[in-house]
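Each of the two complexes below includes chain A, the first together with chain B, the second together with chain C.
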Partner chain A sequence: MRKKERKWIVLFLLPVCLLFVVFFAVPLGMVFVQSLFDYRLLPNKFEFIGFGNYAKLFLRDPKFLPVLKNTLLWILIHCIGHVALGSALAFVLYKKPRGWKFVRVVYMIPNIISQSAIAMIFVNMYNPQFGAVNQFLKAIGLEKLMHNWLFDMSTAFPAITMTWFLFAGYTTTLVLAQCLSTDETVIEAARVDGASGFQIDRLVMFPLVKEMIGTTVIMAATYMLQMFSMIYITTGGGPGSATTNLPLYLYSNMKSNNYGYASTIGVVIIIVGFLTMRIIQRIFGMNKEEVA
Partner chain B sequence: MKKHTSAGRRTAWFFAYLFMALCVAVAVFPIIWVILSSFKSNQEILSNGLSWPTQWSFDGYRQALEMAPIFQYFLNSLIVTVLSTALNVLALSMAGYVFAKKQFRGKNLLFSILSLSMVIPTTALLSPIYVTITKLGLYDTKAALVLVYAALSMPISLMILRSTFAGVPKELEEAAYIDGAGFLRTFFSVMMPCARGGIASASVLAFLEGWNEFTFALLLTSSGNVRTLPLSLSYFTSQFSFNYTAMFAAITIAVIPSIIVFTVFSEQVNASIVAGSVKG
Partner chain C sequence: MKTKKILSIALAAAMTLSLGVVSSTVFADEIVINYPTFQVGSNSAAPVVAELVDEFNEIYAGQYKIVVEDVPGDQNYADKIKVQITSGQLPPVCYGAGYKLLDMALGADLVVDITDAVNADPDWAAMFDENWEAVDCRDGKIYAASSESEKIGYFYNKELYEQAGIEPATTWDEFFANCEALKEAGITPIAMDTADGAWCTQLLLGAMIATSGDEGLEFMKSMYPTDYSIQPVVDAITRIQEFYTNYTTMDANGGAYENAANNFFSGNVAMICNGPWMIGDFSDTSKAPEGFADKVGVAIFPGGFVYDSPIEGMFVTKQDDPALEEAAIAMVKFFTSADAQQKALEMQGMVPAAKTVEITDAAKESFPLLADFIDQAAGASVSTATFTGGMVPGLEDLWSTELPNLASGAYTPEELCQILTDFATENAVTE
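Let's look at the complex of A and B:
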């Protein structure tokens, strides 16, 4: 009987273990191995060069530092501004003003449709001839502010940032859920004690949802570290490398048949991800995370 | 919500409603602009892009469907996403059940190893996954996307389903065994139905992931007959070149189903997102 059960346990774990091995464990190992090789396909080349890729990346590649800077800046902006925006909305909605459910649903819509659809919408919004942004500036007589937003060196970075910055539906949904799950008598007691609305938000509610905000900050960091499609579709990383981030740079190296170098960038992404997560957990006091 | 007691409170509420209105405007304006533009003529789009259409024309939609096989892409997305969601949820339900209810040697170690998948940024693995898929002979097939998407949603489903199965009372399982049900019967006819809340959440999240995924679709496919809807959007600019009406119509066709389905099931989607954020 017990022996029979063990057979079933193994069988039940097998599919997950296969998925994990093929798509996480082996690729993870391969990223580190490939990063030590000059690895090209067609014609196949797999030549050990030690830390050559790393030396090139950090010391001789003029593109790498701007790309790293873009990535980190975007993570920072997203973790602070984007999460603050979404949390602020949650703090308004948890008091259940009229129409709060409607706002919650509608604000989530840009997060439910695909990133590539949002990207295509903004390609058009920013179009220099007929895009809504320039049309609006023209309508209110500010023609001199009109730009070719996505392809002008000075505006590309902020313009592309706005394609995701304002859509904080996930943060709002999560923080709001946490707010709504707190015991209403706690809030009522504070009100009886004469606390103002703002004091309740700051001194009672915020500590209760702080950890959830920490979770959304981690999600925001992960989102930005992995951002690819919206940049790829709108600017392709240009002009120059003004809007290139690490995933995009990795991809462009794959396209130029430099798989070893691409994997070196992959290792950098893994390290940046690990460090960012640790820092965020430290700031929000989330020491007992699932990360062993 | 409460009666207005002071001018200060009234101002606070004024700003609260203003803020809500701005958030709604930001979320819907771009989409509404695209939808309105899809009914205008090219000429109108170029001359007065912010105005209401002077006459509503469905020509853009007719042209869009003639110029790009959008329904084919839609169908591709549907096939890939349904299969990857089913594979993901079945595989992770099995694992979640075993992790939650069974004892075996190395259980905690195996679980910690599998949890590692949560902290690996998958974009870092583009190059090895491309090589793996190519070596498996799966490049440019729907099967490649089904497998990759099932794997991408693995971490979150593992967390949701393990804690769901852990919450099913032990007595139900024992009763099933006493009634003579075997391992498989107990799992499929007793445990799975009890865990349907978590299964629904995991399915919703896995579906959203697959339905909207772009990067791996770009990397692992090339031909039109496996192209998914999100990937097809990136070809619209060149496909429709100067036919803006058709492009706006095509974007509208691509986003409207998601918006309708989400609006109808928003409670379930919200609940799933919340369930997905609570880590095991």
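Let's look at the complex of A and C:
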């Protein structure tokens, strides 16, 4: 019987495994192999250089560390600030204050608009000549604070961050769903024991939704690791490398026909992604059953 | 039941037979040239390409047939061709445009030498002058043929010029004096940009470098230069920084060509550097106000400079079937013929690549600004290709992302030049 079951399991898993190998594992392996070559179209080159690209990336490329720093900083900001914002709103909404459903829907809207459209909205808002931000500052007499927000070294990074930071609709929706599915008798019991609203949130609700928050943190981290279009459309990674992240840096190297070097950056993105996931899982105590 | 069976067999037989007949009438002996192109849809050259394809298919009916594959967006087209170069499978005819695709395809040994085909036709061969050879030939062999030329000066708003009491400058000192006069009259002198290769800005920069003396001219004439720290480039970039600070709009830093063009169309600035393909936009009321075209004048750059270089043309790629290569050569010849260039000029105001193509009265009547510009350009004493056109692959993107730091004053001109030099040296293209 068990043998028969195993046969079926193998049979059902086979297509997925095959697809994974063909469309994911093999290309991944090719990216790694390509990263060991000096591979360009102009001048046409395909030369094995071992870990030469890695040595250049970590030791001689002055752009790489700022780019890595930007990527990690954005992951950190998104995982902490963005998720905290979305979770805090979920903690307010699960108590079902007046208009909570309306807020839940409205807060989700920016997340369903395409990134390109959001990016264009911000490009116009930040426009130094006609943009709403500078016009507002001018209107309230703060001309001194007017900036070329997206292209001034000192403001570009925070200006880009604001294009996605506030829109934590997914986090709110997921955490709120988890909060609402919690057994109300648990909350009621805490209330009978004399716990305050804040104590219930902190000591009862938070531990119950911790894993879901962990999931949203993973989502936030992957979102930031994949972030491309918003930066590409607004600043293109500039000024200098002030707003370049790893995916954009990979793309710019690919556009320079430096395919080997771009693959090296691809491998680094995979490693950074893997390490980030492991750290988040450890912090939130996820996959404990697997460990046990 | 039996009747049904018979009927179905008869139907199947009829369908198979008709398929055979159709394929024999449509495909027998006719060679299909699949032609991916970005010159479709809203691209200004789309009507010309569509007409040429129709004409070619009519003339060569039963022998060759072009099937167009739409690839909207020139950058998408360049990316597609680059990927195909890596796989070694290119469409029979490719258009180099401004993306150095010819050199990439040559590097992968995928291009057909068309020297013999060109030399066999004296009219075609006559088109290959010195400028054309620099763009389409390598080591004395002809690999591509151009149909369009990049002839560029700058446009100015005659009304705003009149308000400031100025005339188009013939020297750079006069040009700066004009900018100062415009500024004093409360008019922003020139449209600039930094994004997407900083097209308008790099035109102004290149013109200053090319007219600075022999060293600058040699730099502008060289393909894939690696030293951007030479004095003429540093001096010109210093002036560009002054333009960003004093003579352009606030949104120039970070803005793309579209922002610059909008500023010119809306009368926010008095000048914009760009090519004749912009002329049609002046009378397009969805882009510019009614009657704007009448306010626009055109001039060549100070120092008698004009950008004048054929755009890298069409090339034939190596195919398994020699007959397909022959068909592709016929297509390139047709698309780059004097007639085709004449048609492109009259239909869309596209400047012909070949000097042998006459600018007809019909074209002059349809595009008077173009005619005026071509007349002025004929008297230019210095001409080169564009500043970014000669850059090593990838440098244009770097230039575009680093330029905002020059505009904001975060970099000195020397620092920016050093960054360009470092990248160009690291990614040098040696012939």
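As a working rule, the second predicted complex is superposed on the first by the 260 of 292 C-alpha atoms of A that agree within 3 Å, B and C clash if a C-alpha of one lies under 4 Å from a C-alpha of the other, contacts with A are read in each partner's own complex, and residues count from 1 in each chain.
Definition applied: contacts are C-beta pairs under 8 Å (C-beta built on N, C-alpha and C of every residue); 3 or more make two chains touch, one makes a residue touch a chain.
Owing to the predicted nature of the structure, the values given are computational and were not obtained by experimental measurement.
Ranked by how many residues of chain A each touches, chain B and chain C are led by B.
By the document's definition of touching, both partners, chain B and chain C, reach A:Phe130.
Judged by the touch definition given at the top, the superposed model places A:Pro239 against chain C, while chain B stays out of reach.
By the document's definition of touching, neither partner reaches A:Gln199: not chain B, not chain C.
When the shared chain is aligned, chain C comes close enough to touch A:Phe151, but chain B does not. Contacts of A:Gln34 after superposition: chain B is touched, whereas chain C is not reached. Within the superposed three-chain model, A:Gln281 lies out of touch with both chain B and chain C [touch as defined at top]. In the superposition on chain A, no contact is made by A:Thr182 with either chain B or chain C.
In the superposition on chain A, the residues of chain A contacting both chain B and chain C are 41, 129-130, 259.
Partner chain A is touched in their complex by these residues of chain C: 82, 85-86, 100, 103-104, 107-108, 194-195, 249-251, 253-254, 392-395, 397-398, 400-405, 407-408, 410-411, 427, 429-430. Interface residues of chain A, counted against chain C in their complex, comprise 41-44, 127-130, 148, 150-153, 235-241, 244, 252-253, 255-259. Here chain A touches chain B in the complex through residues 4-6, 8-9, 12-13, 15-17, 19-20, 22-24, 26-28, 30-31, 34, 41, 88-89, 92-93, 95-97, 99-100, 102-110, 112-125, 129-132, 135-136, 139, 166-167, 169-170, 173-174, 177, 197-198, 212, 215-216, 219, 222, 225-226, 228-229, 232-233, 246-247, 250-251, 254, 259, 262-263, 266-267, 269-270, 273-274, 277, 289-292, going by the rule given at the top. The touching residues of chain B, when paired with chain A in their complex, are 1, 9, 12-13, 16-17, 19-20, 23-24, 26-31, 33-34, 37, 45-46, 48-50, 87, 90-92, 94-95, 97-98, 102, 104, 110, 112-132, 147-148, 150-152, 154, 158-159, 183-184, 187, 208, 211-212, 214-215, 218-219, 229-231, 233-234, 236-237, 244, 247-248, 251, 254-255, 258-259, 262-263, 266, 269-270, 273-274, 277, 279-280.
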